[in-house]
Amino acid sequence: MVIEINPQQQRKDNSLTIPSPTFYQALLKKIQELHGDFGAAAIREGFAAKYFNERTRIAIVRARHGPHKLITSVLPFVKEVDKKKVSLVTLYTGATMRQCFKFILNHQQKKINEICSTLQSEEEKVAIKEALLKFNSTQTLS
Amino acid sequence: MLSPEIWNFKAPDSLVKVEKGNIVNNNCFNTIQKLHHNHLVSVVLPDTLRVPQNICETLKNDCEYYKISNVGLDELVNINFINAFVRKGIFISLSINERIDCDDCMCITPNGFLLLSLTKETYESLGLEGTPSHYYNTKQRYVVSINLLSNHFKPGKKNYDRTKDRLLTLKKMTLLINWEPPHLDICPSSVAKYFDDLKFDVQVCLPDFQMRTNYTIKVPNFTMDNIHEFVEWLGMFSLESDLGGGGESYLSTYETPQPYQEYGQVKFLQWRGFFSSQQINKLLEVLISHLKDEEKPWISLYVQGFSDVVVGWDLQEHHYYTNGDNGYVIVLNSEDYMVYQHMCSKKSYK
Amino acid sequence: MESVKGYFDYNVTDKCISNNFENIAKQLYDFGYHTIAINQTIDESLLEESISEGKKKKKIERQDIVPSPIDAKIIKGCDKLKILNRLTISFTTQDIINRIIKSPNYRKYHIIAAQPESQQAFQFTCTNFEADIFTFNPSTKPNYKMQRKLYYLLVERGVHFEIMYGPAIEDSTKRKNIIATAHMYHSFGKSRNIIISSGITNSFLIRNPYDVINLGLLFGLSDGQAKDAIQNNGRNVYMHGSTVLEFVCWKLY
Amino acid sequence: MTLTSSDFSATSKDSGKVYLFNLLKENLPRRTQSELNTLTDSTFVFTTNARKKGKVVRTKKQFLTRKERKKLNILKLPKQDWKYDELCEMRELWKQYMRNNLNLYPKIPTWEDPNWTNFNITLAKSEFIGAELTVIRSKNVNQVGMRGTVVLETKATFQIVTPKNELKILVKKPSVFTFTLDDMKFTIFGKYAIIRPSERSIKKIKTLLLPDL
Amino acid sequence: MYYYLDISFVNQDITAALFKNHIITSIKHVFGEIAAAIPFDVVKYDPSEIRAIVRVTQDHYVKFRGSLTLAGYYQGKPCAYIVHKVSPLLLSLLGDSRTYVH
């Protein structure tokens, strides 16, 4: 699942730094709270959450086919990660990593066009473009 | 990697058959015929001040049954026993203190079948022809059926001798016996005397009878559409649970089904023991005659079979997954009747 | 080779032998467990000192590392209850096993359970250790990697996988480990050859067989498998436990 | 250097040697000329795999072929006229054979003793003809309860004579047999005994056997 | 479409409301908040024997009964729920032929 994390107070270049383990712990705690021991045990096999890109605030969560319903049901309730007020939005749930990365690429493409239309000066456009595309798809999940 | 079901689990299912119709051509009787071994009978009589004596008597006098402990099964196959009791009158018997899902059980049906439900090991060392049970796909349980009344089942015949000495190898069981003599002058206790001479310890058991009256009860009138709520109310009433009296109570949100009337007294009668289907028939006739002469909203009769019986409904195999109940509810009023049959499910567990 | 019947409970720990075993056995029998196994464990750690001090003293003391099986004096009231002896060996390396197998007490046990603690030990159980039950320690996460191939290898050799519900009742981390391992068994080998046992230490943790069948559904077993978990698979374990080396075996008359 | 046919026909034994000498002198390299005269006494075999073709001697036939035996129907035992009590001395003989077969062990071992396995192996290798077998458990149900003296044992069946003087064929695979010797009761699991009796003494049975049907 | 359970509570005596409350907490413990909202009714409560009849919908029955078996502690002290009889028909809880002494 591809998730976008929107913090409450916007930083100036709206980037957000969250270490992946705390994001993983926050999700696990919320599932334990909402789905109890049974839920926490059900998703433990093959559950991984990685926070990828500070600037575009995208995280990827991997879960097995049956228990992924638990995660989608928990995401709207996650309010606070690493003592920062956040709200999670699921952008895409796909079965393979390739699909997720393809989605992320054209998601960022859309983001760039948005930002380019607002900015006028040329060099700002170039800076934003290469910052967004820094994300490389070869990074594998832990 | 396939992951197990974690969201909605399916409860073990059971089979319900509902049958409605006009009281004139009711066939409650053949449903009663189907269930041979009955353990618990309960009757609900709304709006009655005094229960007529003949209702209480039908299942009380001469309804004794006998408990015989550690009987070898070859006694039941011995020919003069068959000629004396099984051929004449209606003879039913059942093994108790044995679990149908892990031990070996025995039962005799009125039409003269001796049925054994055996585990794999006892079946293989018994040596009588049997069919693997429908519910276990790994052939862990077998059902052996011996027809006692068939005419070639006589001493001297190969089949008879083999059955007799093979049954010796089975372990001894405690049995319940209920025999109805063909005509009235033979006393039903001659079965007990027969076993007494053979030096088995025989106990006479009387069915225990309870009667209870509840006052000012909201009774739903019997309509053909919401049968389930009606049967549920019957259960609530028989177990004396709170019938959703006041407003919102924390404990239970149960309300009596809507079109109800208030009655001063409602009687609840319950018999427990070992009854044959003929005795239940007599009780139903008495109830129908009682319904005719006194005007009643409705009358309900609930009969529950044994949970460890080899054959549930008319030679259909019975099993005990987490609950082994088979029973039926009959509700009558002046124009129509309803039979609510509740059986164990027919699916074998995979 | 007497026939064993009724429901099976293969993990009555020896801790509950100390305090009034009678009413525990009585309660088990009334619930329907006609065959139980008293479980004695050998932990590898306590084996260490016995070996090391053996070397120090240079005297090979013949102390047998396998405790002698508790002979169940017939408990009052339920002589029908069949009591077996089970030995659980939790080990990380292979060399302990050879010492255990050689000890004379080892052959007195009806059922042998293996509890590997490391990948190498797990590999050894899969290939050539004659165990009847494969158990795991609920309080720690399993530190060996299970695969589908190894699971089926164990299934062909007739080894049964044990899930305990006693510790699941006591403590929530144990409960999570047990449920996660049960789901892992389901995803690796469609939860074949699974038995559910109690692993009880006191009489409050005993549950009746139909609750255990319902618990089996939660552990990812189908309804037939849940029923077999405490009934037919128990019989297979007993049969596997008493394998004979020749097709002729004998008993005194 | 081409040989003409005349060389061959005219040469007698010693001229062959001379011819050989010249042949070697020409072909061998210069350096080995001196050893040539030492070569005279070694013999060279030029024909590679010539084998003496002897006449094939057919071994004399010891026994009838299977087809002949079938024609004379020796293979099948007669169904009728068996006398159970006539076989009693055969039973005694077998008991005697089993006793001295088993008294190699002073104390009969139990399951825990170390020599339990080889006690079993001697049992497995012993002969069963003449034993008094009863079937205690079997998958096909009408075989259960049969009792009799084993008269013939084949790969898949025991043929027994029951006390009612009938010859019965018991299939080994689905059933469990027992026989008693003085005060000891022996159980045989049929499905592991499916070996031809002649091979049974030779074959090593080392698999793990489940005592179950 | 309902399932009925005949449950008795071992070890301490406890009032009806506390009984239901403890069931809810044990469900929350095992299956979490979402499952704690399972609608179930304690239809009959007998304080002398601490025995109750509970009605639960059919698709929540397995989770409900699972959390009952996995409930082990009440206010620190060990406790246990014993399920005597279970049936989709309420009338069959009137009597159990297995435990009846003739």
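Letters A, B, C, D and E mark the chains as written, and numbering starts fresh at 1 in each.
By definition in this document, a residue touches a chain if its C-beta (ideal position, glycine included) is under 8 Å from a C-beta of that chain, and two chains touch if they have at least 3 such contacts.
These are the chains along with the protein names UniProt gives them: A = Ribonuclease P/MRP protein subunit POP5; D = Ribonuclease P protein subunit p29.
Because the structure is predicted, anything quoted here is derived from the model rather than measured.
The chains in contact with chain A and with chain C alike are B, E.
Number of steps on the shortest path from chain B to chain E, with steps defined by chain touch: 1.
Centroid analysis (C-alpha atoms only) places D farthest from chain A. Put simply, the chain nearest the middle, going by average C-alpha positions, is C.
In terms of C-beta pairs in contact, C-E outnumbers the other of A-E and C-E. Measuring from the averaged C-alpha position of chain B to that of chain C gives a distance of 41 Å. Annotation: 62 Å between the Cα-based centres of chain A and chain B.
The distance from the centre of chain A to the centre of chain D, with each centre set as the mean of the Cα atoms, comes to 74 Å. Among the residues of chain E, those touching two or more other chains are numbered 29-30, 62-63, 86. Residue positions of chain A touching 2 or more other chains: 37-39, 42, 45, 64.
Those chain pairs judged to touch are A-B, A-C, A-E, B-C, B-D, B-E, C-D, C-E. Partner chain B is touched in their complex by these residues of chain C: 3, 5-7, 32, 34, 183, 186-188, 190-191, 210, 213-214, 217-220, 222-224, 227-228, 231-232. Of all residues in chain A, those touching chain C in their complex are 37-38, 40-42, 44-45, 64. Contacts from chain D toward chain C in the complex involve residues 111-112, 116-117, 120-121, 123-124, 180, 183-189, 192-193, 205-206, 208-212.
Contacts from chain E toward chain C in the complex involve residues 10-11, 29-30, 62-63, 65-66, 68-72, 78-80, 82-83, 86.
Across the complex, chain A is touched by residues 172, 175-180, 183-184, 187, 218 of chain C.
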